[in-house]
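Shared between the two complexes below is chain A, which pairs with chain B and chain C, respectively.
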Partner chain A sequence: MAITSVKNLKEFSTSNERFEGAHLLCPGCAHSMIVRELMNCTDDNLVIATNTGCLEVSTAVYPYTSWDTSWIHIGFENAATAASGAEAMYKARKRKGTLKDPDASVKFVAFGGDGSTYDIGFQWLSGAVERGHDFTYICLDNENYANTGGQRSSSTPIGATTSTAQAGRVSYGKKEKKKDMVAIMAAHGAPYVAQLAPNKWKIMAQGFQKALETKGPCFINTVSACTTEWKFDPKDTIHLTDLATDSLMFPVYEIINGHELNILYRPKTIVPVEEYLNAQGRYKHLFKPENKHVIEEIKKGITETWEMLQRREEARV
Partner chain B sequence: MAEKYEINQTEVWDGNYAAAHALRQAQVDVVSAYPITPSTPIVENYGNFVSNGYIDGEFVMVESEHAAMSGCVGAAAAGGRVATATSSQGFALMVEVLYQASGMRLPIVLNVVNRALASPLNVRGDHSDMYLGRDAGWINLDAFNAQEAYDMNLCAFRIGEHLDVRLPVMVHQDGFITSHTAQNINPLQDEDAYKFVGVYQPVEEMLDFSKPVTYGAQTEEDWHYEHKARQHSALMRSTRVIDEVFADFKALTGREYKRVESYMMEDAEVAVVALGTTVETLRQAAKELRKEGLKAGVIAPRCFRPFPFDQIAEVCGDAKAVCVMDRSAPGGAMGAMFNEISAAILATGKRPLVTNYIYGLGGRDFSVDEAKRIFKEQKAHADAGHITTQIQQFSGLRGPRLGFFESKRS
Partner chain C sequence: MRGAAATEKRGMRELGAEKLVGWDEVTHGVVINSFEGDAANIASLTSEERIYSDFNSYTATVASWRVVKPVYNRDICIDCQNCWVWCPDTSIISRDKQMLGIDYDHCKGCGVCVEVCPTNPKSLLMFIEAEENDSALSQWPEKKKKEKE
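After this line comes the complex of A and B, so read on.
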């Protein structure tokens, strides 16, 4: 459905029922919102590959499936490659004339969490993008290995406590900064790369549509607030995501052809990051006097990134 | 349409080139591959066919063997013919996805050009990669020479894609000895080969949008067991189709294959069991020993999986001593094939003297002379009425003799 003709979110969210409401994701999990938007923003047929992770274990437990479309899961790391293989088969069969419905339009999409995208499946994603398959990879970035109980990933921000980088008497949690996956994927020369957020649903749907309509490999990192591991009330998912985008912890932007950067959302008032941090259990310990320097470091990082994004947007490089 | 490839009635091809031609003739839709010695030329030759218009399908050169098999799984689920090739470490990297391919019942053909597993790093042929994947739920066919590498590939598509089977198939050939040794080969013409393999029939395909499918679902203790049992059952019952396909192949080419190949076993007093090129070495030794009056025979499982449990004992006949040769480091046990052959014989109530040789690791040569010595050793067991050596021994190993387990006589 063309996003420009959509009146409101309610209409949009029920426009194309291909992802069943019956699934096992936690109440308040943003994954289902993001997946539903992707599936609603196109009328094309979809072939979806999904890495092992929360989304996969919650939507395809035999004998049930939440997917009213072609769907495949192989392993933790290889959804991008599964999509590559399916896309190659589509091209071969189209050429040979062996498709049942040769005129059906089809889009190939892969989903992965940050564990499978930033870490274990990094090579598979990089390879698939380098090969130029016509598909869109969407990372559901909840900044930890939520499916296995909240371990650190290379997407976990500095200062967050996770079960394998715990805040304790002598530790403030994760010591390392979040990996800049968007920059890495842009550096592959992918024709469309973006970072999007489900609270800005129209921007997100437009971004999804751009990716689906762009020929070649596209990468989108979406912030997916994790009620279980970030520790907040399930009813606050969108409120928390508002704080993430408005504090600029999660800037919303796109990079076209590896160089043309556009900021897609500028908060009218920038929310102090303490409000975002304080709304989640995983950052509670940062408000102890001895951890104040971590908050300062987070703030410094936000300022630097926002400055960089604005300069790049201006310079068109 | 792909260009027709002019083929002579007899060609001089090595095992890799023969396999590459079989993939071309089967008009594979997607090859997703990563090169590794000694299987690389299969992929390179296939790439050459692609670049010169002999193939209509897609050739996806991925960034690792894990991705190669992952690409094969995605492609096969999208409803077309899929094949690839690998060896050794590459095979080891693929193992995770091998189980997923068979669990999803996708008829992929994988050429395994057998090579040792590191460490120490070694590019030469042994069967440790074959053994690593033996429980992965694939049909395993073994080629003993380049002609068979070609023939088994054509049969593999027919078997795996059969609607009663729908399982992936590995075709094994020995690294270098088969893969890089040019031999006279009688290939089929392109039309005949394709006619034999047949048009691919998609089943539960992801590109039929009128009927969405979910591949790779999760099952826990409630359903996993039933799925794995059905998969095993399909594998066990694939023997009927394998026999049928081999019969059709014989009608077409005159070349006869069986799930267990036996050589001069009708009246054999002693027998040796092996896989790969060693089978031909053993046959030569047996032929020569027959002239000296030793009734020697050779048993070779063509079909390593499903393991021809019932046929083994039958083929053993009344042999008094049977030696099983494993070309893979046993890792703290008797050789794996020794165990399987012993169990098959034991189930029939026959009691030949069964011993085990480990041999040829990392490409160590196995000669006709050594084969003869082993046959004669079996004769010594048979004459003595008991095992006269240790039960597990090592053939062709430098240094002091190595062996394990004494035969206890009551």
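After this line comes the complex of A and C, so read on.
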């Protein structure tokens, strides 16, 4: 059955799956929840490009593909470029009248992990957004290079231990703060930029729909809990994402036209961030007495960000 | 092996069992088709109505990854579809707003569906892979009463 409304979950569940099982992502990986949701919330034909990363290597293991749409396998950095190229070609052929089905509604989507979005593909993404192609870029943010063994990326938050920024006698893990990618993309003047989380399925599906409908380049940062590198039990993916959004470690918000900021989810009771940190192996060392100051710093960062978001929402700047 | 038996029944192949073409024989820019024939309106077809090609991972199985499996109890289920929306492996089969069961060819046994199930007792529970579904259903726990202070 065709699906356009995501008002209630029963309606939503009549959507036909276009992301097949037997991909090789880890059990409990949030990547596939996000991808499934994107493909279920629309009936349009999708052209998807994917940066190299967990998602790409696990869903296209030769000879299999898990994608029921047009899907382009591309390099580490250039999913945004591939999507914008495909979009430009589509527009040109539409103008020349050489399309097989000119009335079909086609949407262009690019997926990337945080490594390929925040670091390696940053320049390509920035270029594609500046050129103003009509596509949606979705970053699956799991805060490290999970595909290659959990190296530090510029998305890794302060205090987390990774294989290249390890906690031990001398260090408490990564010392630098997380890059604010959402603000950077909003500063490009993109018409729709958002940070969404899979545990809030309705907000996420509505955000995806908004991004697909919006003309022009849209950027969405999604929180994708990584069972392997964050070190928690696969069954707790949704519980951990709940803790992430409720402790305001990942505020859920959107920015329209670079200045209209709306907070999409306000937790009824704000969970202490220690609960979120304690649920993961990568923050275990922060609870030693000598590392207490890092938790204080994380708390300070969260309060500052939340205040900034609320002020921006009020002032519309 | 349980997974292999299920695979044979549905005409599927175990991952890695097929004869592969070597990398040298694959041309650059190779296209893999997910479906046989025309795939224009795939979003309007359910998986039973589609004609999958041998390259679609739907025809493969990851059943051998499982150590524990979810078992579904129809009698308690309220069709809230929480398990459907959060299943990472497209393994919850839902048609016409009703939950039908679990796709044991694609389930990896992560247990997310059990965690998000809101009923009391849960209508999905994890059992070890060797347990038969009927015997699992007979051991279902009773409804838990809320403890009053």
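Everything that follows uses one rule, which is that the second predicted complex is superposed on the first by the 304 of 317 C-alpha atoms of A that agree within 3 Å, B and C clash if a C-alpha of one lies under 4 Å from a C-alpha of the other, contacts with A are read in each partner's own complex, and residues count from 1 in each chain.
Simple rule for what comes next: contacts are C-beta pairs under 8 Å (C-beta built on N, C-alpha and C of every residue); 3 or more make two chains touch, one makes a residue touch a chain.
These figures come from a predicted structure and were not determined experimentally.
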Practice prompt. Would you sort A:Trp201 into first (chain B), second (chain C), both or neither based on which partner it touches?
Written response: second
Worksheet item: Taking the superposition as given, does A:Ile238 touch the first partner, chain B, the second, chain C, both, or neither?
Response: second
Practice prompt. Pick one for A:Gly75: touches chain B only (first), chain C only (second), both, or neither.
Written response: first
Practice prompt. Would you check which partner chain A:Ala83 touches, where first means chain B only, second means chain C only, and both and neither mean what they say?
Written response: first
Discussion item. Once chain A of both complexes is superposed, is A:Val47 in touch with chain B (first), chain C (second), both, or neither?
Written reply: first
Worksheet entry | Touching partner for A:Ala30 - first (chain B), second (chain C), both, neither | second
Practice prompt. Could you tell me if A:Phe122 is touching chain B, chain C, both of them or neither one (first, second, both, neither)?
Written response: neither
Worksheet item: Where does A:Leu9 make contact in the superposed view: on chain B (first), on chain C (second), on both, or on neither?
Response: second
Discussion item. Taking the superposition on A as described, I'd like to know which of chain B and chain C A:Glu56 touches: first, second, both or neither.
Written reply: first
Worksheet item: Which positions of chain A sit in both the chain B and the chain C interface?
Response: 45, 60-63, 65, 67-69, 101, 104
Worksheet entry | Touch list for chain A against partner chain B, complex | 45, 47, 49, 56-57, 60-63, 65, 67-75, 77-78, 81-86, 88-93, 95-96, 98-101, 104, 106, 123-124, 126-127, 130-131
Item to complete: Would you tell me which residues of chain B are touching chain A in their complex?
Response: 29-30, 32, 56-58, 60-64, 66-67, 70-80, 82, 96-97, 100, 200, 202, 205-210, 212-220, 223, 227
Worksheet, complete the sentence: Counting only contacts in the complex, chain C reaches chain A at residues 15, 18, 20-21, 26, 32, 34-35, 39-40, 42-47, 50, 54-58, 60-62, 65, 79-82, 84-91, 94-97, 103, 105-112, 114-116
Worksheet item: chain C touches which residues of chain A in the complex?
Response: 1-2, 9-14, 16-25, 27-33, 36-37, 42-45, 59-69, 101, 104, 198, 201, 233-239
